[in-house]
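Listed after this line are the structures, all set down as structure tokens.
In the two assemblies presented below, subunit A is common to both, partnered first by subunit B and then by subunit C.
On to the complex of A and B.
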């Protein structure tokens, strides 16, 4: 990078080059799988935890505080911590598996097939607090009378959830899951510190790919084109999703 | 009978969540107190066989760590000051006289969430390079401020909007000047909001990794997350104990602040999620 670079307008050259860049589209695919699976798992687990926290159980206060910790921690520290948990020799996860007679000594973050799922687990762990807390706030806004009425009408726990709780949570679910999707798709630090995109590019999220293009390969214009394409596609996907979600919500009522 | 079984099931699930959420942190803290012999052995214990605080002294003695903690602190404090100084008057105007701009502003805050950090850093990088501020804490402070401002502004204007305008009018009726009304009525009521916004700005900056990674080149400018990352990226065997100790130290301020402000943050998030 020179001090006084001569900029040259290249028109759509960068975009044309991008269309044929298979590694970029591969990384885009990884990013989509990552963002969708982390968002969905966060939503399912967050919903279960929020329902538990909303029920009249002991240790609620403790769990509530615990549930916030992943949110507070610096992403780099989270990644370092999980590297220790996943450690092939001295890691507690392998020790746990070994204790029950499963194969231990697994190199979680270094394995072609396991690195991506392992990284997804960390992503879910980090993002669960926001989801849980938002869903919990939504649950607490549902009037107690509605629930009682459903109960008197003989609705079981599942049908109360399906026909009372879920429909009234639709706007919140739509909002938090689209935010989660964006955050997850754009996430960088966590996976960068966990695997740097390895092994063999199996965890090369789009932001890692663009970062390397911009600051390791020094192709700032090319990276900017990538970033723009990503924003456009993500915005379109999100618009479709929100439209579907909110229409379903209306039909449900 | 099914009821009791249901209850038991609920507690089992809750326990599973507690383990999933808490165990990683417990393990990190445990590692930070283990001797290097124990860390390198194959025995895996939650409670260290021999408690040792030496990891902490080693981590602190490593000059890089203290210096980068100081860097992190300086950048976080400076950007917090800037964020509050800018968002305080701006949020007041937005909440009280914003009208259309307020609606556009809220949409823009949402849109700014869609932009990946890479697209934010590219133009900022070019600007900072032109001003010779790429490898500098001043430059990083400016970037952190830019990045935190939209959300902070949005948070704070929500607090302003919650202060009844009648109070200000009543003050004006009693002959108080605009300045007196602001100082005596608005700011005292706004204090919790300002604290929450400041804490948010501080923690965002303290935790931030990506911008530091892109901008800072010389080790004496590294912030804490960068130095910790360099620990593991370095050649040779990683000293796990000091790394764990440093990580615990880096996480403490954020966890403390978060516990203080959790309710405020949650209501802010809720407002943003529902209205947005």
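On to the complex of A and C.
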């Protein structure tokens, strides 16, 4: 990044260097754990929430709006808010735990074992609305007749969910989970504000790592190589996943 | 067709001449067409913003031909911003930043050489070590303006209750700090709280007190050295936190201002902070909270602290580098420097400004001690090691964090710091 630089062609040098960069692969592993766990949790919790919101409960309109709140907030605001919630000596979470007699000095974002799970919780929270809304839309597409037919045939709530709802939702689940996976894998601002990759690199997602390489270390070419590798790997993973999903869908029919 | 072409050429040359004459009139400082300089200022405290504006206004009044315009920016993300600005050719004429980070831009060739342009009286009035921190390859690339040192703030009530006599000497040994911490640790109260969430800067700044210089050589060839001197301070922190249990471990994962909250609440009797926090404590501390500043800390090699002053530099691509340098000379005049440092609660780089500030603040004893710590400022090799920024973020900060969380031992810390540097610098 010098002034009036002379660029030179280095061929695949950056990729070779990257192959031997343990720190990058370490952060890649963290990124995978993060993306998979956040996506899976989002899916499970989003499904539960969508089923609840689909049921004929009172204040349904209000609760549907409330469920959208995390979506309406910019990620940086979310991160700042959660950092306050997690604050070890002034945070409401610890105060709440202390009120009920639990240990109240927990250092959520500063502890080596808790920081990553704590960040995952925020990741799940912030991504819930789009998952829920998409699933809710899917739920409302399931014809009432099918449900009623299953009920008359004697299917219980669980069986109806397992054999009617879930199969009808497969294409939607495949779509939203792959989108979520991409978003989560590429998420940056949330973790950057929450922990900056700390403590001790425990939450160093690959995007943070690439950012540091590009803007702090000023190795733009090297960072670009990282970005490219990430795109290729995510594409491969998604291709495999979608192929499996769609095959399952076909066999199901 | 031909006519048109001739006309076009004539028009173009007329424009060119007009441009030339405009340039010439600039040099001749005709009042009708003043030079405009942009000054990207990072001052973020309301007092400092006001003082900056005052200085610029009075300059503008005295120099109708050279008008300075303030472009406010924040410290957060300024490094990224400057990289983008420089690469896009959109950087301001006058750049406010800090020595530790501006050196990289100087090496990349973005900063004008100020060796001939800076007021020599000012240069000779700044301690050598501080001037050294802004000298790259024998060229002065910035004027140092404001400095911070790390000082110990103490809760006077808690110290009195523990029967500790408040030290008053010129300096205070680390062992003395450890003793006071032991005496004041009682029940839920820890003797010391130190916000070491981003530990590297503090370790680098205070390392020289134990001859911990970390680097040898400069530029791309700088090599790392992590020996007993470098590891002394991390070891003291580690011992106080986990052996003596006089340093609140929680604070090691917090930022300085988060620890201040514990300090006000009486959960820690002392806290090590940047000197600038004196202004915040004076403003934010609860009523009746009695606090003092303890003498500068002294290790086995003295009370030295690595200087990382705030700086003013000139963009090498500025069309009016000379005028920009003149403005910087105006800005660093003792009265101005004293004013801005007082607003920011920092230590002025020049002795003349320190004197004015000492006089103005003679009624506040805390300031006397803080200003005293200014004379122990020294330059530090880490400023000139090319890969320092990278090493700090990807190697040193995680390694120190792990050591302070008892995830790794001293040997592993030493090994990680060394091999991480060697990986990055390709040695």
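In this section, the second predicted complex is superposed on the first by the 253 of 253 C-alpha atoms of A that agree within 3 Å, B and C clash if a C-alpha of one lies under 4 Å from a C-alpha of the other, contacts with A are read in each partner's own complex, and residues count from 1 in each chain.
Criterion: a residue touches a chain if its C-beta (ideal position, glycine included) is under 8 Å from a C-beta of that chain, and two chains touch if they have at least 3 such contacts.
All figures in this text were calculated on a predicted structure; none of them were measured in a lab.
In the superposition on chain A, A:16 makes contact with neither subunit B nor subunit C.
Of the two partner chains, subunit C is the only one that A:200 touches; subunit B does not reach it. Of the two partner chains, subunit B is the only one touched by A:63; subunit C is not. Legend: residue contacts after superposition of the two complexes on their common chain; A:110 is shown touching subunit C, with no touch to subunit B. When subunit A is checked against subunit B and against subunit C, the one touching more of its residues turns out to be B. In the superposed model, A:216 makes contact with subunit C only, not with subunit B. Within the superposed three-chain model, A:90 lies in touch with subunit B and with subunit C [touch as defined at top].
When both complexes are aligned on chain A by C-alpha atoms, subunit A residues 1, 89-90, 215 touch subunit B in the first and subunit C in the second.
For subunit B in complex with subunit A, the touching residues are 6, 10-11, 13-14, 17-18, 20-25, 27-28, 31, 39-42, 44, 46, 113-119, 122, 125-126, 129, 203, 206-207, 209-210, 213-214, 224-225, 228-229, 232, 240, 243-244, 247, 250-251, 254-255, 257-259, 262, 266-267, 269-270, 273-274, 276.
On the subunit C side of its complex with subunit A, the touching residues are 79-80, 83, 86-87, 104, 107-110, 197, 250, 252-254, 258, 261-262, 265, 267, 316, 387, 389-390, 393-394, 397-399, 401-402, 405, 407, 424.
Of all residues in subunit A, only 1-4, 23, 87-90, 105, 107, 109-112, 197-201, 204, 209, 212, 215-218 touch subunit C in the complex they form. Interface of subunit A with subunit B (complex): residues 1, 45, 48-49, 52, 55, 57-59, 62-63, 65-78, 80-85, 89-92, 95, 125, 128, 130, 133-134, 137, 157, 171-172, 175-176, 179, 182-183, 185-186, 188-189, 192-193, 206-207, 210-211, 214-215, 220, 223-224, 227-228, 230-231, 234-235, 238.
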